[in-house]
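Across the two complexes that follow, chain A remains constant while its partner is chain B and subsequently chain C.
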Partner chain A sequence: MNPLEAVEIARRQMTLFFLVDTSGSMSGSKIGAVNTAIREVLPTISEISEENADAAIKIACMSFATDVNWLFAPTDVEGMTWNDLVAGGTTALGAAMKELNRKLSRSEFMNSPTGNFAPVLFLMSDGQPTDEFQKGLAELQENKWFNVAIRVAIAIGDDADKEVLAQFTGNSELVLTAHTPEALKAMIRFVSVTSSKIGSRSSGVGVGGNAGEESKQAEFAEQVQEFKEENADLDALTDGF
Partner chain B sequence: MKKLKPNTQVPLTNGQTAKVKSLLGEGGQGAVYQVAIDGKDYAMKIYTKKPKKNFVDNLEENIRKGSPTPHFLWMKWMVKTPTLIGYVMDLRPKDYVDFSKFLMAKARFSSWSAMTNAALQITYAFRELHRKGLSYQDLNDGNFFFNPKTGDVLICDNDNVAPADTNLGIKGKCRYMAPEVVMGKSNPNNLSDYFSLSVVLFMLFFNNHPFDGKRVSSVPCMNDAIEREVYGINPIFICSPTDDRNRPVRGVHQNVINRWSLFPKFFQDAFVKAFSNDLIHDKNKRMSDNEWVGIISQLRSQTIQHTCGYETFIDLAAPKATCFNCGKEVTMPLTLKIGSHRTILYPQMKIYANQVSSSADMFQEVGEVVVNKNNPNVWGVSNRSKDSWRVTLPNGQKLDVPQGKGFPIYKDVQIEFSAGKIGKIE
Partner chain C sequence: MRAFHVLEIGASHILVGKPCQDYAASIETENYAIAVVADGHGSDCYFRSDRGSRLAVATALQMLQEFLSQTDNMRTLPKNDWQHQLAASIISRWGEAIEKDKSNEEFTEAELSLLKEHQMQRVAEGKWQFVYGTTLIAIVRTEKVFFGMHIGDGKCVCFDSKGKPSQPIPWDDDCFQNRTTSLCDGDALTRFRFVYQTKKLPVEMFIASDGVDDTYATDERLYTFYDALRKTFRSNPETAVKDLQEFLPQMSAKGSKDDISIAGIIM
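Right after this comes the complex of A and B.
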């Protein structure tokens, strides 16, 4: 190979995990809004990845209903196409937690030869877990990747169990609530873009001393607060779920 | 802050008005728009959050001082209304591609000469910036745009350029910033610029970060604290002759594995020195822009256009020379020694104004090695400068070589250029 032709510089991997409730109650406008929102935001995340010589963004997607299913393992966002999620079944959130714990490991999904940045774990649900959620969460909470991750959740509609989602994120301020398809789409877009930008960013120098993942998680939390304040009337735009 | 709509009129402090045409892009600090001023298009940056007074004062001062060299996409006019703070600059020409595209192998230089030209323009530009008493402070891969064909450089994001030891709040990007700044021991200044410059140059030539080797890629989950440690506080050079803890990994850091051995030893040694523990940590020992200018100029003078059609480097310190493209041996050419600089005398090699006259211009070509039309085995140097050169042949005969004429290349030929510069062929 002509040495003047380079291969891509080694980029650290940052994985954005979509963890989507595809239980029966999600069918119709809810899953429709999720599919549209994710499909539309992928090109934007692709751009973020393409402009970043430090990190390559990958997307992984898990759906959970009666069963837990990985639609795909961490895959390059650049050039990705989205296949619609289909809804039907119950809400095995506990099993989803267990499965996530299994895959968040250096021998499973976190196996990049160039290493990783902390992942983004983005959970979306409209209802109550129908299985042993607490048990599943307890296992996941022992996982190092889970603990350094940027965690965020969207409660879809009023039947969603916000308490459960707050336990996942560890912070009730990192749970957003959507009552309409428009709000849901806007929130998915905001969360995906903002968490990708923050997650894939190499550290700035800042004022020496204050280091560690808190800074990325804290920064993300701040942005979520700002978003909530600026978009308080989002739900008023169209008909609810 | 809400984005400006097209056709919004924005008054400039110089009395002109900028009409917003479209949004070009957004960054952390602000948004950049395409605007029209008196019928011509420019770029206008508006800050999202109102900057501090000292930052704004510094912007105005930079506008007043003007750009150190044409390579900087510099601020021209100020925007200062009750609601908007920003500045106008020229639009970036379309054939300039940003550095990250090169790093991601989506763009590449057409030749080693183009790459070397880019490196030389960068070091020259920063030398002039520093000579004006300014420091760049936030040097990283996001600031550079290159013309892939020629290597011409545009340096952007000059908002933080300030007098050395004046800091407007910026601290830089971890992978590029000097240890003393990462550790909070000092603010960015010229000496930390030198560190960042060495990192940028290594990335330009080797498409790999100088501290990205197995020590870094084996870190499972990178966080701010580890980044500070491996890039800022205790970095280990991947090509260190003495420390192999951070060697490049096959398949991951392939570019530097492919390229390192191609370069002449003096060039490798320059990076070994720049990234030695001594120079990493002792800011006063760092290699200056001027030192890099000399090293890169020397590389340029050792880059030949081989008969196989590709460029190769000739290592004057090696026992023999081989073209790294076709593998054929190249008969070690004669060199023209002027001061400590040696130019390989091989067809198409150029001589530059700063080498043979009082001019400081290191980009202006004033001489070239040419092949005798009637006998391809006879090579000469053609004088393209305005000065007449006085040549003494080995037999003592003296020749006057004015513009347009040339002199033959033989061992021991001496040339009196202008400004007292003497060259000897060895």
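Right after this comes the complex of A and C.
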């Protein structure tokens, strides 16, 4: 046997971060739809991970209300079971931004710059931040992982602050609005599946840095635009929450 | 003193019919050994990066040989000055080489069709060099000196006489995810990183494109691979390069799927 074969070859990984508002206003059908949609989409993401030669997909989940909590750090999606999120409290989105910044680092979740693809950061919220959001976001915007990530948000219901969510995504086109539990579930499924597919795919080989390279974020934005056009009826609904 | 190099087209390149965009070369004489690798950028807009990497390796090898033949005692040279001058000469000579390549064979319509509008605009303005974009790592070992220069991603891993690994060329934080600094950057000279050592010289020195780094993901695993490689050179010097070359298709297919180029110097 060739002695070089004995060294373990690593499979790279891409983490899909669910960042979920679990403030009191999310209680009822909103948090119910989030829980159902994520639970139902996990097997599909697991299949994408299994069939994808480029990278394994991991799932991480942060909930933010009065406090910020990690339900789980990046974890293999295969065999994962989803424990329902429970709503209650205020909306400490600024603290969530700070905590995300802390974890998107080499000493925390992204411990291998070559081993990790850029993550997907998927934010869901139905309200206004009740703390220093701008300060938290400013810190996060200095983070390299944040800047290369696919960033997307769903505004849940009419009271969600879409401007805040657009600041997070960096592009208002990447903020979807859900007015009903059905629309919210469809959007969570679309975002999770599409971003996982794009995010976990190798973006090429030795891509150079100075010719205005199209990013995965831009590719994902095109897919979001198509989804919006094909599902215009979802957007036309009045608020059903 | 022994120098070697190996090169393998990436599994993903084979699938889509892309050429190998890496290139590598090495040379050994009584007085010195040189190893060079270059990794041409992979996206469609860098449609001549395979030529860019080949010309970068050829240029660096030639410039380093010229430098070594004219320099009796490197230890008396002012450290920073000559390394920057060498890098500047390589950038300049590479620029001339790609210019010549372009004038010998102008871009075809099929090549230009791979560019987006803003990239076409750059070509129209005469700023077409990016289509040849490539990284470059070159190392030199003499009896008393080890030095190297590097732009872009890829890594240089060395082992001392006790088998301890290190990366003597500083990392550039601007090389992150799918972005890398490049010989085609307008400020390429400021992007070069260097190493120069006259004490505690490494005894095994390896350089490789990011196809290797991405395969092993962490520095710990990367060191384990190179440790196995240096032991292969120690235990089976006659077959080591062949063993490595035979392993590369598997490394690319199971690992990064990228082109892979490795070169090195063994004392």
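We adopt the following convention: the second predicted complex is superposed on the first by the 213 of 241 C-alpha atoms of A that agree within 3 Å, B and C clash if a C-alpha of one lies under 4 Å from a C-alpha of the other, contacts with A are read in each partner's own complex, and residues count from 1 in each chain.
FYI, a contact is a pair of C-beta atoms (placed from the backbone, for glycine too) under 8 Å apart; a residue touches a chain by one contact, two chains touch by 3 or more.
From a predicted model like this one, the values you see are computed outputs, not experimental measurements.
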Practice task
Go through the superposed model and pick first if A:G115 touches only chain B, second if only chain C, both, or neither.
Solution key: both
Exercise for the section: Return first, second, both or neither, reflecting whether A:G79 touches chain B, chain C, both chains, or no partner chain. Expected result: neither
Practice task
Could you tell me if A:R106 is touching chain B, chain C, both of them or neither one (first, second, both, neither)?
Solution key: first
Practice task
Give one of first, second, both or neither to describe whether A:N52 is in contact with chain B, with chain C, with both, or with none.
Solution key: first
Exercise for the section: Using the touch definition from the top, say if A:P3 reaches chain B (first), chain C (second), both or neither. Expected result: both
Practice task
Look at A:R12 in the shared chain and tell me whether it touches chain B only, chain C only, both, or neither; answer first, second, both or neither.
Solution key: both
Exercise for the section: State whether A:V148 touches chain B only (first), chain C only (second), both chains, or neither. Expected result: both
Exercise for the section: Using the superposition described at the top, list the residues of chain A that contact chain B and also contact chain C. Expected result: 2-10, 12, 53-54, 113-115, 117-118, 144, 148, 202-209, 211-213
Exercise for the section: Going by the contact rule at the top, pick out the chain C residues touching chain A in the complex. Expected result: 10, 12-13, 18, 21-22, 39-43, 45-46, 49, 116, 118-119, 122, 130, 133-135, 153, 173-174, 176-182, 184-185, 209-211, 213-218, 221, 224-225, 228-229, 231-232, 243-244, 246-247, 250-251, 254-259
Problem - For the chain A and chain C complex, residues of the former touching the latter - result: 2-10, 12, 53-54, 111-115, 117-118, 144, 148, 202-214
Practice task
Please give the residue numbers of chain B that touch chain A in the complex, ascending.
Solution key: 98-100, 102-106, 108-109, 111-112, 115, 141, 171-175, 177, 181-185, 203, 207-209, 212, 216-225, 227-228, 232, 249, 251-255, 258-259, 262, 310, 324-325
Exercise for the section: Please name which positions on chain A make contact with chain B in the complex. Expected result: 1-12, 50-54, 106, 110, 113-118, 144-145, 148, 202-209, 211-213, 215-216
